[in-house]
């Protein structure tokens, strides 16, 4: 079981309030991603849950019982660190065995669990190596192995993929998702990468300056961002945000339109513009268009290969159902 | 990483070290200050009552005081100049590519590990002895009259012994500093047309300045309390009585505790003046 | 980029460096050689360099006459005891300062350093008096305590700089893995810090072995270590070059060997981490 409830928790470092009172419930078995720019408090929040930092106020409950003052070792949570934090002087086997040894488990049971974990994570051949002899991806797996053998109430991941190269990152992303499907254990995952959040999460928590901006499933956030911050943060490339005359037409301060929701035509459309740099990815083409009456260049995404050149004149038309409207406070107008 | 639990554990674990050092500092210091205001002569019945500032005045006005200060300054100053200048040159030399660098390093460092009493005795007898010492042989070989080093040139002799002991320290630290110099900086200067000498004064020396400062401060603190070298060679005679040695004589030889303690307080103040500068540098280093 | 140097240039460097190195090392070499000469050959004019009759006689005489073993044993006990005792006190302290720093950590570290700068002579009599009162004068226990205290700041500092290089993440991982504070220090921190602890021990051992203010002033017979043993040769009747050399060689050889092993770590220890 791993239902975690945060009840009005706050964190201050000295006089600086990093996390203002915050409520959040994480259901058992859920994959929750905390996402936000650096310094938004997402790692601090994770460390509060882990018990590596004391909360300044409020209560943390794990499966209904108050864990606010319980030391990290006794919370029954496992954590995977950004740096992996493997014990360099121990073999892979000893690294994975460490939490079991600390729990005073019998050697036979330790062996059984290590073998099982190594099997799942493809580490069987590396059990007698030292962490220093492993590649980044393998170290990452050892860190996960060390976490799963304990059969914790929940897993905490602190930006676990940020030290891997791009190709490995995609692979490990799938492996972690796969692991979650198989174990059905609560996972809390911190990242600054919205792609990771979108692809892995059951529930995304978008944080800014210690405040929760929005909580919801990836598609809820994509379809109905609650404010300008979430709108700009979720989705890649970023949503185009337009002020001025174009927005006035829709009776709001700002309109937002995602690059994939703009159609392109050589002859007619709502906005006339000049093509700037275009990026040809093969599967898609992104181009940046400077439009008359709109301050910032718009990003447009078109499927497949499109033949447009720098300096061409084109017409853009936003999908009418896909325009997001925001008021002067940056909040979504339904 | 800091929870209340770990913070209180940390305080508990720091306690023994802090309490021990606090005791080590405060108890004897308080006693020294107390004695310095008493007329305390164990051989004439012990504590003979309050003395006010008498001991302080007497210590300074005694005929031995100013010479001892002068001796101390000459000793410390000469050793500093010798070790820093030769240490810098030696560090630059050792940094050059050569065969057997590791062995040379070991040869140069060795004197630092020789206990002070041994080095003082070896120099005194085997090198500076006016009849059988190596220097005497060397002088005679060139037809000169051997010198009675430790009586006729006593202070320079001690300066030489102490410099020999501390040169490795300066060299080792300056060598570490030289090696941390970015080679590209030197190459850039070379491209900019700086000659070797200019590169030394405009690039290398400024880079070394911090290390040199540290060498000077640390050595000063150790050199101010040079003891064994004088104890074994001249016993403070022939103008080699430093402040440390003078206090030692007042306290243990003539058993005038009050007077010696007043001297001790002077020595503590002197050391602290140097220490403040050292701590500033070390403290700054802690921040990054 | 290391640049290629002509062999001629390298040859000149080598010659110069070896010449300087040998001059600096010469007094030690000379002592070593003299220790194998007979007393007559030791003062022969002109001096004999290698062409003498090598003998071990001096070593036998020194060992026999002056009870060398007891001084050696005292040196080992005092240097070793103070090092171990110092570590026991310093490891927890350095752990707290490195991993649970507070606003006062820096002040405490600097204050500890300042105690090291207290001139020994300033507190000579109080310590002497306390030692008489406590019956510690000329006892090994007393010297072990004093050596431990004078070197404690250096031990704490060195350990602190080594501990700071250990990533905090790893200790936190241990905590998440259910390790108590004791297990964390015992199974994770200490094994990782072994190289640092070893060089700290080595430097401290060397410093304690060579210390020659307190050892000369607080011992007479029973607890006297090698520093005092050598100092006893300063009296005129002890003026036998060969025997003095043999005694000196025995007193410095062990530490010279240890010192060569620790030369890399020495800089850090002696400059309180200010030069790396």
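Some notes on this structure:
Which chain is which? They are A, B and C, in the order written, and residues in each are numbered from 1.
Basically, a residue touches a chain if its C-beta (ideal position, glycine included) is under 8 Å from a C-beta of that chain, and two chains touch if they have at least 3 such contacts.
Which protein is which chain? UniProt says A = sn-glycerol-3-phosphate import ATP-binding protein UgpC; B = Trehalose transport system permease protein SugA; C = Trehalose transport system permease protein SugB.
In this text the structure is predicted, and so the values were computed from the model without any measurement.
Centrality by Cα centroid goes to chain C.
Comparing mean CA positions across the assembly, the chain most remote from chain C is A.
The distance from the centre of chain B to the centre of chain C, each centre being the mean of the chain's C-alpha atoms, comes to 16 Å. Here the spacing of chain A and chain C, counted between their Cα centres, is 54 Å.
One simple way to say how far apart two chains are is to compare their mean CA positions; for chain A and chain B this gives 59 Å.
With touch defined as above, residues shared between interfaces to two or more other chains in chain A number as follows: 52, 71-72.
Taken residue by residue, chain C touches two or more other chains at 172, whereas all remaining positions touch fewer. The set of chain B residues that touch two or more partner chains comprises 1-2.
Those residues of chain B that touch chain A in the complex are listed here as 1-5.
Within the complex formed with chain B, the chain C residues making contact are 1-2, 5, 9-10, 13-14, 16-18, 20-22, 24-25, 27-28, 30-31, 34, 43, 45-47, 89-90, 92-93, 95-97, 99-100, 102, 106, 108-115, 117-130, 149, 152-153, 156, 168, 171-172, 181, 206, 209-210, 212-213, 216-217, 226-228, 230-231, 233-234, 239, 241, 244-245, 248, 251-252, 255-256, 258-260, 263, 266-267, 270-276. By the touch criterion stated above, chain C contacts chain A in their complex at residues 167, 169-170, 172-180, 183, 187-188, 191-192. Contact residues on chain A toward chain B in their complex (touch as defined above): 51-54, 71-72. Taken together, the chain B residues at the contact with chain C in this complex read 1-2, 6-7, 9-11, 13-14, 16-18, 20-21, 24-25, 27-29, 31-32, 35, 90, 93-94, 96-101, 103-127, 132, 134, 137, 140-141, 164, 167-169, 172-173, 176-177, 180, 183-184, 187, 210-211, 214, 218, 221, 224-225, 227-228, 231-233, 244, 247-248, 251-252, 257, 260-261, 264-265, 267-268, 270-272, 274-275, 278-279, 281-283, 285-287.
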